[in-house]
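Next come two complexes, and both contain subunit A; in the first it sits with subunit B, in the second with subunit C.
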Partner chain A sequence: MKRVYPNKDFCIGCHICELACLTAHSKSKDLILAYTVERGQNGVASSKHVHEGGATCVALSCRHCDEPSCVAACISGALQKDPESGRTIYDREKCVGCWSCLMACPFGAIARHPLEQKIVKCDLCFDRPGGPACVAACPNKALKQEER
Partner chain B sequence: MLFQPINRNYHDFSIVRDKDLCINCKVCVRQCSYEAHFWDETRQKVMHDNAKCVGCHRCEALCPTSALLIQKKRSDFKDNALWRPEFIKYIYKQADTGGVLLTGMGSPVNIPIYWDKLLLDASQVTNPSIDPLREPMELKTFLGSKPDKLEFAKTKDGSPKLKTKLAPQIELNYPLMFSAMSFGSINFNLHVAMARAATELGICYNTGEGGLHKSLYEYGKNTIVQVASGRFGVHRDFLNAGAGIEIKVGQGAKPGIGGHLPGEKINAMVSETRMVPLGSDAISPAPHHDIYSIEDLHQLIYALKEASEYRVPVSVKIAAVHNVAAIASGIVRAGADIVAIDGIRGGTGAAPGMIRDNVGIPIELALAQVDQRLRDEGIRNRASIVAAGGTRCSADVVKAIALGADACYIATSVLLAVGCTLCAKCYTGKCPWGIATNDARLAKRQNPDVAAQKMVNLVHAWGHEIEEMLGGMGLNSIESLRGNRDKLRAVGLSDTEMDILGVKHAGR
Partner chain C sequence: MTYVIIGNGVASIGAIEGIRRHDKDGRIVIIGAEDTAAYGRPLISYLLAGKIGPERLALRGDDYYTRNGVELKLGTTATSIDTAKKTVTTDKGETVKYDRLLIATGGIPFVPPIPGVQGPDIYSFTTLAHANTLIELSSKIKRAVVIGGGLIGLKAAESIFDRGVAVTIVELAPRILSGGFDEKAGKLAANRLKKVGIEVNCGVTAKEIQRTKEGRVKGVLLTDDRFLECDVVVVAIGVVPHSSIAKDAGVKVERGIMVDSKLMTNARDVYAAGDVAQAMDQITGEHRVVPIWPNAYNQGYASGRNMAGAKQPYMGGLPMNSISFYGLPTISVGTVNPPEGDSSFEVHALLDEEKETYRKLVFRDEKLVGYVLVGDIDKGGMYTAFIKFEMPLAGEAKDKLINGGPEVFLWPAELFDETWNPEPAKAAR
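Right after this comes the complex of A and B.
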C-alpha cells in the first residue's frame, strides 16, 4: 500500500505539515479558523508530529502497519485493519478512550484527543481529493506518499 | 534602543505582521536564522525585532497565512545627492567596528547595464524567420581550441578522411554552464543538485575552488574542475575527473583579491574535500604564487595539460578589468583553450563591498573587446570565450553570444532558481534559504531532488526562448549568431560605447 514516508535528511522542521493536517481535519477547512478557534472549541488536532533532536527532525504519523499493535490492543474494536485499502482505520463511535492503543503503538503515533476521551490518528486523508494534506503542504518534499 | 548601540534603529527593513492573519504558529520563528522573529513567552505571541531582519523573505515565503510583509524601513535621512543613505550607514558601521565592510552576491550599484541598451534583430519579408517548434534548431556548443584550417586525406576507397588532429572539446547541449561556486561557499546538497542537473541537461557545472567531493566523481563528464590560487582539493584524480580544467585567476566580484572561507564553514566533508584541517580558515591568496607572467601561466596550463594527458581543454578565468583584451590575448597565446571572463556584476559568497562595487568593468564591454582583439590578431579560433557575471535572462545570453561569447556561465540565476532573494548576506554562513551555509539545520532546506529539477527547468526555459529568438532572426544554429554583431543595435549609447561594443545605433 502507499504509505506516507518522511525523509529526515530534508525535513526542515517548519511544522507546516501539522498545520495542513489540522486544517484538513477541521470543520471550516480554513487554517486561521482551525488554528485559532476550532482547536479550542472542538479540539481539532494534528495527527502529524514533528520530532526534533539536534539538527535532525522528522515528521511522524501512523504508519498503518501490516500487523498493527494498536488493533491487537484495542478493547472495543474501534481500531481495525481495512483489508481493502490496507489502512488502519479508527471508528470514533466505538472508541472508549482506554488508551491501550497509545501504549501499544511502538512509534508513538497515536495521541489523546485534547478535549474528549478519544484518540487522534492519521487517516491518510482518505477522503481528500489531493491525497494526504501533509504531503501536499511540505515545502521541501520531505514527505512522500509511495509504495515501497 | 534601550541597552543598544545608538545607530541600531537605522536598520534596512521592517517586518509588517497582519494581526488578522497571523495565527502565532511560529513557522517564521523556526525559519529565521537571524532570530528576527521570536516567541514571546510573556505575551504568548510571536514578536519580531526589525533590526535583525536582513530582507531575505524566507518568513514571508513560508508563512502559511501570508501574514508577513517585508518592507524597506520607511525612515529617511535628509535628502543628499552625495551622502546617500548607504554611505551614511557604512560610516556608522565602520565607526563601530573598525572593519572592512563585507558583502555577498553581485554588485547592486547602478553601473550601466549594456544588455538593456542592446536590441535584437528579427526577419521581415526579405528573409524568412524560422519556427523552432517545426524546424530543427541547433544550440549545441563546443568549447575548446579550433584548428586554423582543416586538412583531409583520401582513404583507399577514395573517400575523404580528416587529417587534422582536433583539440579536445567540451560538448554542451545549451550555450550555458553553471558557474564556479565552491563546495564550502555553497553546501553539498546544491553541488549534488548542480551535478545532476548538468548531467540531465548535457551541460557542465564548475566545481569552484573547493575541490570535488568523491561521491560526485560519477558526474565527471559534466564537471569542470577548478584550480585556484589556494589549490584546495587539487590532486591527480581531481584533475582527471572532469570534462575540463579551469585555472581561476580572477573573479568579477572581487578582482585582484583572494578568497576567505571562514573556519566555521569547514565541516568534515568540506575539510576532506578541500584537504584542509577541520575548522581552520581556508584562505586563497590574491595571486597564484606561481604566476607572475604570461610565461608562468603558460607553464601552469601545460602542467595541467600534462597531468590530464591532453584529454581535456584548459580554461583560464579572469575578472573583466581595464586591459582585459590584451590580457586575454596573452592567455590564448599561453595555450588556454577557453578564456572565461567574469564581469563586475558577477556574484560571490563574500567580498569587501568596496571592491565588489568599484573594481572591474561590465562584462558587455569586456566581452566585445576581447572578441574583437582575438579576431584582429587572428587567434580567435584558438580559444572559446565564456562570458560570466550578470546574465539575467535568455535575451542576455543571446546578446552575449552576438557580442562574441561561445557560452555563458550562469550562477546568480541558478541560485535564484532555488530560492535566493539576493539579500547579500552569504558571508554570514546563516543563509535562511539553505544555500550559502553548511549549517546542517539550514543546508537541508535545499533538497537536491527539488533543486536539480528547478535548475533543469530554468535551462529548458531559456533554451526554448533562445531558440525562439534565433528563429526570429532567421538563424537555425547558435553558431550563426556567434560574434554576429549585425544582429544587435544600441539605444541611447554614446559613440564611444558603440565603438567599444562594435554595434550600430538603432535605426542605422
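Right after this comes the complex of A and C.
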C-alpha cells in the first residue's frame, strides 16, 4: 500500500502540513474557519505533528502499520485493519475513549480528541480526491506518498 | 487445513486475523461457550455504567465471520481434546477434527474460600451475563461490597455506583491497584473514587459473608471485625487460567498452558494464547501469565500466523494497562514496582497532587523498562517505544528523556530511518 513517508532532511518545520490536515478534516474545508471557529467548537485537530529537535524537524503521523499495536490494544473494535486498502481504520462511533491505543502505539501517532472521549488519528485522507492533504501542501516535498 | 479455536474472545479474533494473513482458504471453526459474537470484554464496565448500549459491544462487524470464512459453534463448550486423534469433543456431543488447534479459553474468576461465598448474591465481573444481571439488579438493591481493589474491582465498583448503588471496596493490600501501579498512582485513583463517594478500605478483607435464614447475603464481616451491610458482593480478585481441558489432555500446564516462541504447546499442532497461556515476557524473558488485553490479541495473532505456517516468532508480551477513574486517566507499562533495595533500578518520579498528575520512569541498564502516567497521559505511546524497542539511553539521552520527555530524536538514527523513512527494500511495515 501507499504510505506517507516524511524526510527529515527536507522538512523545514513550517507546520503547513498540520494546517492542511486540520482544514481537510474540518466541516468548512476553509483554513481560517477551521482554525478560528471549528477548533474551539467541534475540536477539529490535525493528526500530523511536527517534531523539532534542535535544527532538525520532521512531520509524523500514523504509519498504518501492517501489524498495528493499536488494533491489538483496542478494547472496543474501533480500530481495525482494513484488509482491502491496508489502512488502519478508526470507527469513531465505536470508540469509548479508554486510551489503550495511545498507550500501545510506540509511534505516538494517536492523540486524545480535545473535546470528546475520542481519539484523533490519520485516515490517509481516504475520501479526499488527490490523496493526503499534508503531502499536497508540503512546500519542500518532505512528505511523499508512495509504495515501498 | 482445518483450524479449530476453543474460545471466542480477543485472542481468537487475533488468531483469525493472523491465520488469514497467510491462509485465505483454510477452514476455521470456533467453539465458544458464550452465546455471542466476540465482544470487548472490558466494555462490560461501560455497559454496566450505562455509558454504552449493547449494540456497541461486538468487536467486529456483522459480516466479519462470514467474510473470514469462520464457522461458529457458540453456546458450545469444548469438553475434551484428543491430541493423538486430533479431535475436540463438545458438550453437544460433536467431535470436531483439527489439523491445528488453538486453546484460547481465557481466565476464570478466582474466588477465595471465604465462608459464605458460595450461594446467591455473589457475582464476579468477567462476563456479559454478569453485567446484564447486575444491571437488572441495580434498581432493586441499595448496597454492594466489592472484594478486590485491582483494575476489575475498581471498574466494577465505579459502574455499579453509576447505577445508583452505594459501593464499598475492600482490598487486602495496603493500597488499591497494587499490581500494576505504584503507591502514589494508586492514591490519586483512590482519592478520585472517594471524592465521588465510593468507600475504599485497604488492609482488610472479608472474613465471612453472612447470610439470612433464607440464604440471601446480609453483609460482609471484615478481618478488623467491622460489618458491612450489603445486598450483593462482587468478587473481583483476579482471574486464573482456564486450563483444565488442556491439563486433562496431557498438555503441559504450569501456572498457565506453557507455550514456546511460536505459541505452540508441548503437544504437536496444539497452540495456546491469551489469559490461559504462560508465554514469554519481553522484559524479563521469563514465561508468565499476564492476563491483559493486548497480549491476548498479540498472542492470538502470532499463534494464527504460526499455525498457518509463517514461522514468525512471538516477540514477547509487555504488561500494560490504560484505565480511567471518573475522568482521571492512568497508564502503566512494564516494570513499575522494582524490588525494593535493588540498586540495578533507577526511578524518577514526579508528583503534583494539586493537578492530579504523576509520572514515574523506571530505568535499568541504561534503558527504560517501565513507566506510570496519571492525568497527563498524552505522551504514553512515545514512552512505550523506548521500552518496546529497548533503546539505549545513556547519559545525555536519559537526562533528555527525564527532563524533556520522550522525543523522537532520541531514537537511534538507524531505527528512526527504518521506521519513518525506510529505503524501499528495508520498509519494515
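The definition used in the following text is that the second predicted complex is superposed on the first by the 148 of 148 C-alpha atoms of A that agree within 3 Å, B and C clash if a C-alpha of one lies under 4 Å from a C-alpha of the other, contacts with A are read in each partner's own complex, and residues count from 1 in each chain.
By our rule, a residue touches a chain if its C-beta (ideal position, glycine included) is under 8 Å from a C-beta of that chain, and two chains touch if they have at least 3 such contacts.
The shown structure was predicted, so the numbers you read here are calculated from the model rather than taken from an experiment.
Taken together in the superposed arrangement on subunit A, subunit B and subunit C fit without clashing. Of the two partner chains placed around the shared chain by superposition, subunit C is the only one that A:Ala72 touches, whereas subunit B remains out of contact.
In the superposition on chain A, A:Ile16 contacts subunit B only, with no contact to subunit C. In the superposed three-chain model, the partner touching more residues of subunit A is C, compared with the other of subunit B and subunit C.
Of the two partner chains placed by the overlay, neither subunit B nor subunit C lies in contact with A:Asp127. Of the two partner chains placed around the shared chain by superposition, subunit B is the only one that A:Asn140 touches, whereas subunit C remains out of contact. By the touch criterion defined above, A:Glu84 lies against neither subunit B nor subunit C after alignment on the C-alpha atoms of chain A. Subunit B and subunit C never share a C-alpha pair closer than 15 Å once the two structures are laid over each other.
For the contact definition in use here, the residues of subunit A common to its subunit B contact set and its subunit C contact set are 7, 56.
Remark: subunit B residues 21, 23, 25-27, 30-31, 62, 64-65, 434, 439-441, 444-445, 447, 449-450 touch subunit A in the complex. Within the complex, the subunit A residues that touch subunit B are 7, 9-16, 19, 31-32, 35-36, 55-56, 137, 139-142. Within the complex formed with subunit A, the residues of subunit C that make contact are 14, 17, 20, 40-43, 46, 51-52, 56, 58-60, 293-294, 297-298, 301, 320-324, 329, 331, 333, 377-382, 384-385, 388-389, 406-410, 416, 419-424, 427, 429.
Of all residues in subunit A, only 5-8, 51, 53-54, 56, 58, 60, 63, 65-67, 69, 71-73, 75-77, 80-81, 83, 93-94, 96-100, 102-112, 147-148 touch subunit C in the complex they form.
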